[in-house]
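Notes follow once the structure below has been shown.
We just call them A, B, C and D in the order they show up, numbering each chain from 1.
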């Protein structure tokens, strides 16, 4: 793998996430990606609840997902990410692999902006935590 | 508006779809988009349950979403779509507008392939219904 | 039917609500019930967003559900309710019927208390709206 | 604690499970309970996917939940259960505690029946696994 991930989180498929085709519904992947970003922020010492307490709201403004391998009951993925700052956007590259393998399950690019007190921010509060 | 939509469905925000910021969670939009595609297939006479009965499974293989205006409690959107066939992929352009206005809430491109009896299909069964 | 419902809302099953058995997941019914209560409050002139703006938070403290008939793709239910005040609890009786029939799909009793400014309230603000 | 639980699973709150009041939505608890039951069946050697493969579908027919303490961002619960057979019903007593404490978060009784090849079963296939 070519990738310089800065965080990895194991996520086990839960059966209620399956749809009637027996595979994880496409919307659920966005939950996996969000949960991974939030866990990353916790690890970096700036949890979501603290952001909210400071009046900072991270908002997703664009998402791209390539779905490669359907997930089924019993599957576990390693959810990995890296993050870059482009202008005012924090751009997360987020990939899911079947646990302990090189099998790419899904590949996403998620762009997030920070709203501070109702206005678009340059994300200064995030930088020391996320871009170490 | 410049767009040649072939289907429109009103969708009212449900309060359980809001996250702790009081806006509709980004993953919920994928539910809106899917629900719209399925309603479109029903209108065209080829409902999802019939596809399943025939062993045809539509699978999302790529999605892009631009989020423009956050949705809040009480909002209603007009969920519009058009569809093109590109190779084996049905490409849905799906846009949400605040109900009865030109305010674009979100803009998506969703690529779907058909799996028939476990194999990638050219979507012949869908064409007469979706590409009228 | 013997019941003095004060509100009814049609709800169509959405395919993403189905689980891998092809029936609506048991947790989704709680979404249907909540959505119905909120729509009822809107009709009565006291929407959820206004409650929040006034610092009033309705909190579910007990729920009982009997599941009678599984819901499948394409089904539509009439979601009906009535409400009584018992002490500090608003007790909603909420029943789902297959649309336009007497077929009972699910039967629930949902008990809700009002938290005002962080403290349990006697629900005085709700009474004029909900108990007409 | 007086209780003879036979299984316990730690579950961390995910931020997308919060509603606009900043607490975990009441429907999400049913996901926690289901996920716990399924993890229990995996531990006992009879995973949900195998049930499906054998034509056995466990169906929830009644649920009661008492919600005691709201869950917030960052919370982790120990999700515990025991199970009894009453007639044809497997009755799960499922309690959530704040992780590592005696603080009861929610208390549920979930009744499940087994459908085998479309007919109500006495659950003979489950007994050797669940009622050890």
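The rule we apply is simple: a residue touches a chain if its C-beta (ideal position, glycine included) is under 8 Å from a C-beta of that chain, and two chains touch if they have at least 3 such contacts.
Only a predicted model underlies this, so the values are computations on that prediction, with no experimental measurement involved.
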Q | Relative to chain B, chain with the most remote C-alpha centre | A | D
**Q.** Higher-contact pair (C-beta pairs counted), B-D versus B-C
**A.** B-C
Q: Let me have the rounded angstrom distance from the C-alpha centre of chain A over to the C-alpha centre of chain B, please.
A: 23
**Q.** Averaged-CA centre spacing for the pair chain D and chain B, given as whole angstrom
**A.** 33
Q.
Roughly how far is chain B from chain C, centre to centre by C-alpha average, rounded to an integer in Å?
A. 27
Q | Residue numbers of chain A (touch at least two other chains) | A | 15-16, 20-22, 25, 27, 31, 34, 52, 73
Q. Mind pulling up the chain D residues that touch chain A in the complex?
A. 14-16, 22, 31, 34-35, 38, 42, 47-49, 52, 72-74
Q: Name, in rising order, each residue of chain D that touches chain B in their complex.
A: 15-16, 18-22, 25, 27, 73
**Q.** chain C - residues contacting chain D, complex
**A.** 20-21, 23, 25-28, 30-31, 34, 52, 57, 59-68, 70
